[in-house]
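The next block holds one structure in the form of structure tokens; read it before the comments.
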Amino acid sequence: MDWQAIALSVRLALATTAILLVVGVPLAAWLAFSRRRWTVVVEAIVALPLVLPPTVLGFYLLVALGDRSPVGRWWSELTGSPLAFTFNGLLLASVVYSLPFAVQPLMTSFAGVDRRLLEASAVLGRTTAGTVLRVVLPLSRPGVATAAVLTFAHTIGEFGVVLMVGGNIPGETRTVAIAIYDSVQAFEYAAAGRTSLVLLLFSLVVLVSTYALQRKGGPAWPRP
Amino acid sequence: GSEAAGSEGEVRVAVASNLKFAMADIVAEFEDAHPGTTVAASYGSSGAFVQQISNGAPFDVFLSADTGYPEDLVQDGLADTGDVFGYAAGRLVVWAAADSPADPSGGLPALADDAVGTVAIANPEHAPYGTAAQAALESAGVADDIEDKLVLGENIAQTAEFAQSGNADAAVVALSLALSPSMSASGEHSEVPPGSYPRLDQSGVVLPDSANPGGARDLAGFLRSEDGQAILEEHGFAPPEPGEEG
Amino acid sequence: MAAALNARVRRRVLDADLRVPLTPESPVTVLFGPSGSGKTTLLRCVAGLDRPDSGSRVEFDGSPWTAPGTHLPTRRRKVGYLFQDHALFPHLSVAGNVGYGLHGLARRERADRVAEALSSAGAAHLRDTPTRRLSGGEAQRVALARALAPRPRLLLLDEPLSALDSPTRAKLRTELRAILLRLGIPTVVVTHDRVEALALGDRIVVLVGGRVHQMDSVEHVFSRPATAQAAAAVDVENVIPGHVRELSEGLARVLLGRHLVTAVGGHGLTPGDPVLACIRAEDIALETGPAGGHAASPRNHLPATVSAVAPDGPLQRVDLDAGVPLVAFVTRHARDDLELVPGRQVTAAIKAPAVHLIPRP
Amino acid sequence: MDWQAIALSVRLALATTAILLVVGVPLAAWLAFSRRRWTVVVEAIVALPLVLPPTVLGFYLLVALGDRSPVGRWWSELTGSPLAFTFNGLLLASVVYSLPFAVQPLMTSFAGVDRRLLEASAVLGRTTAGTVLRVVLPLSRPGVATAAVLTFAHTIGEFGVVLMVGGNIPGETRTVAIAIYDSVQAFEYAAAGRTSLVLLLFSLVVLVSTYALQRKGGPAWPRP
Amino acid sequence: MAAALNARVRRRVLDADLRVPLTPESPVTVLFGPSGSGKTTLLRCVAGLDRPDSGSRVEFDGSPWTAPGTHLPTRRRKVGYLFQDHALFPHLSVAGNVGYGLHGLARRERADRVAEALSSAGAAHLRDTPTRRLSGGEAQRVALARALAPRPRLLLLDEPLSALDSPTRAKLRTELRAILLRLGIPTVVVTHDRVEALALGDRIVVLVGGRVHQMDSVEHVFSRPATAQAAAAVDVENVIPGHVRELSEGLARVLLGRHLVTAVGGHGLTPGDPVLACIRAEDIALETGPAGGHAASPRNHLPATVSAVAPDGPLQRVDLDAGVPLVAFVTRHARDDLELVPGRQVTAAIKAPAVHLIPRP
């Protein structure tokens, strides 16, 4: 069992989820509450990374992160290490690729918050940001859970982008998804099966706990 | 040689992706020579094709990137030994982009140079070109020196992209790729001495459940024909091991 | 010019022009009007929750809140608003709801203010109830506390006591008035209840069909509505069409059906004018004996037949036929003393000042 | 430009989206409204396909659908054509893989519908199914849009599963994602770029229209 | 055994035992009680929206709705429910809301029933208003129409008219009562309004602290509450503690402060018992001259001093000091005739039947 790869994947998924919640909340709030017409275009653009095959997206990211691109050079000069084939590069790629999975559910949830509560908050002197933090977010717990779950699970399973940007370096960019893939490619079905099972069980535990936590005190169907 | 009547229709070929550049020319000439027959080529990794064929993929011919996969199929009773045919052997090169600090003319040993940061090879665990590259590095005595520089591509094309995009300073890839218009325009290559790694023989197999066995055999025949071999050589392949034919 | 809330607001049905003085000694303005007349819309425009149509203007104590090119955001208006449907934050505790607007206060002071506001709203016992479990009336009181807690510059209360039982309501309205007087917070309060309007309000604005029909002291508006619509809105029981016959010395004599009735007033009327005579039911006294002695003002006596008697809250409602239909309110006492039953002949006594005339178009 | 592949992808994405809405709505409703504790486990299981690398999931699906599996055989006998390497097999695989993208946003949206409206519907004599159809669904438009958008976009871009189950057969299972991937693999960057651009523009149009439609009469931030 | 709704419901604060007869000629039961007393909870349990604690039982016309092991789903109870907060479907039109429960009817009939229900609820003019734009009172009327439209077996109305202005409310309650009588739909209606209870109800249930304190005719409950809590709930203005002195011939003489007051009744009391004397403010007549002549029943006369006079809706509230504090309601007429101002000496006349005694623990 490639425990190193599993640990790396979990680290990547947690970091991606954390970053996407931090980045996703303001973005989703802006999309949900802006009255401007063209926000629908931004909404659509957020979903666009999904449309490209992951390896192709990964290829473009690879080009964007490489030393020949301004971004890659700027990062290299800043930190002394390249972005491609490093954990940071992987993280960046995962964040870009999973963006829609975080932003979409957040936005849906935010938009569903009762307008009157937003008005009540404004009357009581809170700014939009304060209202999002104190009213919108707490009332969007199911949406936050969905965003976190989709991001986490998707990053664990992500393969194409990671492969392209990461270069399969053990301990640095060799995630469990790649490890399993390699096993399958090498016809080591038993090993692949074992690792998959561990991954599935672990994820099941994470997901069940997230949902159970989120459900506490949540709504339930009226007995009809 | 088979009856012309059997060669009508479509031939579905599963083609290892490293053969892609040669395949377009092969299909064109083959279709010229066999009017009424069309070739539908699916590209992918050889390993995946084996898995798909094991599960009933409707291919007539499988052109693998090595000899092992077709033999696996034979062993699993999914193909007959007699239908396996060698058609070419791959050649290994060191490739670097024009603006790379690496100098491909120095061959593998030059990759140990400190100026070279990252070297891409295909994953030796399951890609034949990766295994060959690993062996060649060992023969050259630099395997340990560059172990920390290695990044692994999932297949040989991806390996090339690492170097081509400038993220890896050099890559050990197939000559067939290095000769492609895009790579030859953007970088230099030098061939790794053929003796320093095990032969990269590539064989194909005509599948027993083929819906068009005639067309399939015609295509296999064409690949081994003089015309076919000329095209393969032009695209960086060596001739198959003599006597491989069953 | 005294401090005032000036609002000229046009939006949907609403086309209102309003000037509410901001005097700490008489802080409460009641907004009264039928369902759908635009009361909520008016409050929302004042709070900045709705943006009124162009040409509208809201000005508070000299500073423009809404004006061409200006729109002070709601959160900077520092108003307190009790929403008609409460709009409590379901995820916060009762204390969290009430303290929500108290950012900037120290924790201790905040807790004190929350406790104070809750007890002002008769909701101190609800402090630890989960917000989602509050009953309708409980939620209303918590919403009131939430609006009061930040001591806003202006309070806008949309039916603050409508969901309460009458003992609680009576208690709260006395206390609320005391608090508003003590803090001197100018308040606009929507109510449908006459008793509440009387008990809470220093003045009343009658809004009908989006327009301001009258603004005056509460008692005045209820007894002397300015227009027929205002009379309907304040539910004047007797609105009888008639014609002016004579005018003399501040008195008008009006023909209602076959009766000549004397009314005080009549400015701006000339004989022959069609009018509506408004008489509150409680201003019609019923007598069976001869007319009483010490009348302080001219009295009208109309012979009438009782057609129905029914309890109406603490009173008895007596329907009369006096040529024109009349409704009178009498006490149970009077009902028993006068033995009021359908068919009984009585005299309806109406003082001249109780007859209020509105010109009829 | 491989128009055939584009058409195939669009067909696949539309069919997947349609099927997932039909399948996802009852499933999401059940998950959102059931009071049973173990529904969280089902919720988590729905998200599990995400955790596996697509090619590996594709491999397992291939084994499950291939002519050696009972399912594959049963289907073959029933319809006379195999499941794997056909459009139908692809569709099935896409449905499985995109399930969480449809179910999660639907569930979040459903759970956010005001309970009192569900009670009102029950009082007025409607069954749970009737209520879901007449009250829950119409009030969950943003969630339905999100589900549709994520499913559609994800299916367009899906690569690993499709490659494995479909086998890259032109006209039958060669989707545009695979076509672009092939171009990149063959270093035909210009062709890949062109196809990607067409795909992105087309998707942008689809997504913008979906959002614009969904937004009509939707909620907006109160001017604070 | 006559048809009835039997409910023995325990849930949270609620511990109520109730038997409401289902008679088409007197269909309306009013549920009255302070905010938070469990009225909504009771209605919800009857509708099956809440599941009461075990041991509870709801039985409608002989068939069990809630019983150990039985829980008829809400949708099969065929009740009409007007929610305290309306709960209109925001995505449906007004007509869509009202027609929502009419599945199974033909399109034409459905449209007719929608129109009929809307006009019954005074909401015919709202047919085409977008539901989200309805004002508070408009929404309430649409909600009423929605509850009426399917002609349910049982109507549960939680404050159906609370958001309406008084003319609309008065009109609607008359019409509503007529409809309920015509259709004979048994109805339980929550209201906080005495006038409404009187106008709508055939009987009234007083719920305080989750318990049923009294069930009787509306007039009876308001004038003769069974318990101190019921007296407070129906807002009896004068509840004066005292002791029984004598009992004779159906009359009780009670010492209230320094006055001996005669009351009708007193069954079950013995001399010395502590009691509460309940007297409605409108049952206290004020006199300045000598006691009136033709009293039909024994009358108490208490000398008192006026301490305050204030308008209270159509009446004047007079606070009196008669040793014990008293509140009386008089008409404006009486106030003027008697020249009631603070400090004035008057006699408070209270008929013996108006004094209601409750044993005091």
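In order of appearance the chains are A, B, C, D and E, and numbering begins at 1 in each one.
Note that in this section a contact is a pair of C-beta atoms (placed from the backbone, for glycine too) under 8 Å apart; a residue touches a chain by one contact, two chains touch by 3 or more.
Worth saying up front: this structure is predicted, and the values here are computed from it rather than measured.
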Which chain's mean C-alpha position is the greatest distance from chain C's?
B
Comparison of B-D and D-E by number of C-beta pairs in contact, larger one:
B-D
Please tell me the distance, in whole Å, between the geometric centres of chain C and chain D computed from their C-alpha atoms.
58
Averaged over CA atoms, how far is the centre of chain A from the centre of chain B? Could you give it in whole Å?
37
Where the CA atoms of chain A average out and where those of chain D average out, how many Å apart are those spots?
18
Taking each residue of chain E in turn, which ones touch at least two of the other chains?
49, 73-75, 85
List, in ascending order, every residue of chain D touching at least 2 other chains.
55, 59, 119, 122, 127, 184, 222, 224
Can you tell me which residues of chain B touch two or more of the remaining chains?
48, 51, 158, 161
Within their complex, state which residues of chain D touch chain E.
114, 116-117, 119-127, 130, 134-135, 138-139
Seen from chain A, its contact residues with chain D in the complex are 32-35, 40-41, 43-45, 47-48, 50-57, 59, 100-101, 104-105, 107-109, 111-112, 115, 118-119, 122, 127-128, 131, 142-143, 145-146, 149-150, 153-154, 156-160, 177-178, 180-181, 184, 192, 196, 199-200, 203-204, 207-208, 211-212, 215, 218-222, 224
Under the stated contact criterion, what part of chain E meets chain D in this complex?
47, 49, 73-76, 78-81, 83, 85, 87-91, 100-101, 103, 146, 150
Touch list for chain A against partner chain B, complex
55, 59, 62-63, 65-68, 82, 84-85, 163-164, 167-169, 181-182, 184-187
Applying the document's contact rule, which stretches of chain C touch chain E when the two form their complex?
32-36, 39-40, 84-85, 135-138, 141, 158-159, 162-170, 192-195, 198-199, 219, 232-233, 235, 280-283, 285, 292, 294, 296, 311-315, 329-333, 336-337, 349, 351, 354
